[in-house]
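Listed after this line are the structures, all set down as structure tokens.
Below are two complexes that have subunit A in common, paired first with subunit B and then with subunit C.
Showing the complex of A and B:
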């Protein structure tokens, strides 16, 4: 993937974090929205799945950027990107599992 | 007419006297300044060290003037690089009291301020060639990597030009400021990203990539994308803008990099920066001549 695509997604995920994070906060703090969400658990799970994906992408890409600047060796750059991708996917799978259990889907 | 032209223009005596006085004032020694100079020859010295010289300086004396006096009178081995002495070649960029500046453009008293010490060392973020001269090999390699020349696909026109390429004043204004770059390396030296990431292309090369990409005569965007749109390309710029802060030519490379990022994102959605300019037909050229 071109670096511009990765960084474009970095900016998009930042916006997604704000939107889905806000929905998450309102669901837990606003009684009216909270009640709506309780009536539609699948929607809430969807929101949280997007929130978690965006958050992990944004955070892990940030770590990747720091690492490739600190270890600029071109050969290491590839390894760092792959390692971060694998750790990110595993973390997402575990996070999703936790979310599903917490929301009573599994 | 010819004899009138040949007449010598003589300044009125009072103006002449004033000019002479001002010039004498400018070159009269006014203060003693201590120069703290970095010395290191990687081929010979185990470690860098500092050397100090004291000099009577005048208001008009530049750091380069002072260095040449020191080299001529006190330390012949002093290594420094300079060429045009008028801020156009960019050879004499160095750290003057901790800031990237051109030695030929900086007056000693201006650098010293209220203090009486001027510290000189080679540019940061560059390997040392000798004393105050930095090694520019990788800087120029990065510059060359972005293909800083006009790339065209119309070989026929290129090989047999019928006229100059069309370009409006507005199109020229888009890249004009970047043409002022003298490749002095001050921006790369001030860049915090370049300080840790030696593979980072750097503000100079990236701003030049932008300069050529937005030039309507150029059609080389796709050729340059694999160079600038990489892990160590324009996306590593954190926009601290310290590069623009130190540029002695008033170029704003930080802005160029952000515009380059914008251009690359727009390219993802199919926008091209411009249509390649066409050559002016030969007829227009002939008409203009008339």
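Showing the complex of A and C:
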């Protein structure tokens, strides 16, 4: 994927995190709005699945950008990008499992 | 020409490394915001990993308010960065002809966007602190 596409997705996920993260915060910290949100657990699980995906993409890409900036080398850039991608996918799979258990779906 | 290529090579190699983030003295305030954005970003990644490892883990009362400062700064400054990336409120480019003219990046609408981001940061951090210090202890 082109670097410009990766950074565009970085901004898209940033906006997604603000929206879904706000829902996550309200669900756990606001007694009134939180009850309304948690009344529909399927939608809340969907929110958390999007939140987790966006957050992991944004966080791991942020770390990747810092790492490839530290060592400006083509080979290092390639390997670190693949390593981060694999770690990110594995973390998302584990995270979804944890979410399902925590929200009572499994 | 020789000096220019040496200059480019120096920056391409990123010789300063992490200490280069804090070389902010000769730049505008955005340079400090950039350094703070990276540090808060790294801190958020550390919190998120701990939060994943033990679901629902939180640092606790006052530390939650500090976490709020870190997250809301990253959010407010991130909104400023998205606006700049998409070209909103950047200002018209100015061809400098006289010494009295200064680039729009130093004296333009960007200054107000920075102030907006910082005010937004304070407001969001205050709301977060209210929830962390007042609402959460009541919920138990």
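Just so it is clear, the second predicted complex is superposed on the first by the 106 of 106 C-alpha atoms of A that agree within 3 Å, B and C clash if a C-alpha of one lies under 4 Å from a C-alpha of the other, contacts with A are read in each partner's own complex, and residues count from 1 in each chain.
The rule is simple: a contact is a pair of C-beta atoms (placed from the backbone, for glycine too) under 8 Å apart; a residue touches a chain by one contact, two chains touch by 3 or more.
Only a predicted model underlies this, so the values are computations on that prediction, with no experimental measurement involved.
When both complexes are superposed on subunit A, subunit B and subunit C occupy overlapping space and clash. Once the two complexes are overlaid on the shared chain, A:15 sits against subunit C while remaining clear of subunit B. Of the two partner chains placed around the shared chain by superposition, subunit B is the only one that A:4 touches, whereas subunit C remains out of contact.
Judged by the touch definition given at the top, the superposed model places A:74 against subunit B, while subunit C stays out of reach.
Greater residue coverage of subunit A by touch, when subunit B is weighed against subunit C, goes to C. Looking at subunit A, you'll find residues 69-70, 72 touch subunit B in one structure and subunit C in the other. Residue ranges on subunit A touching subunit C, taken from their complex, read 11, 14-15, 18, 25, 29-31, 55, 59, 62-63, 66, 69-72, 91, 95, 98, 102.
Per the touch definition, subunit C reaches subunit A in the complex via residues 12-14, 17-18, 38, 41-42, 44-45, 48, 52, 55-56, 75, 78-79, 82, 85, 131-132, 135-136, 139. Against subunit B, in their complex, subunit A makes its touches with residues 2-8, 65, 68-70, 72-74, 77, 81. Chain contact summary for the complex, subunit B toward subunit A: residues 193, 196-200, 225, 229-233, 235-236, 261, 264-265, 267-268.
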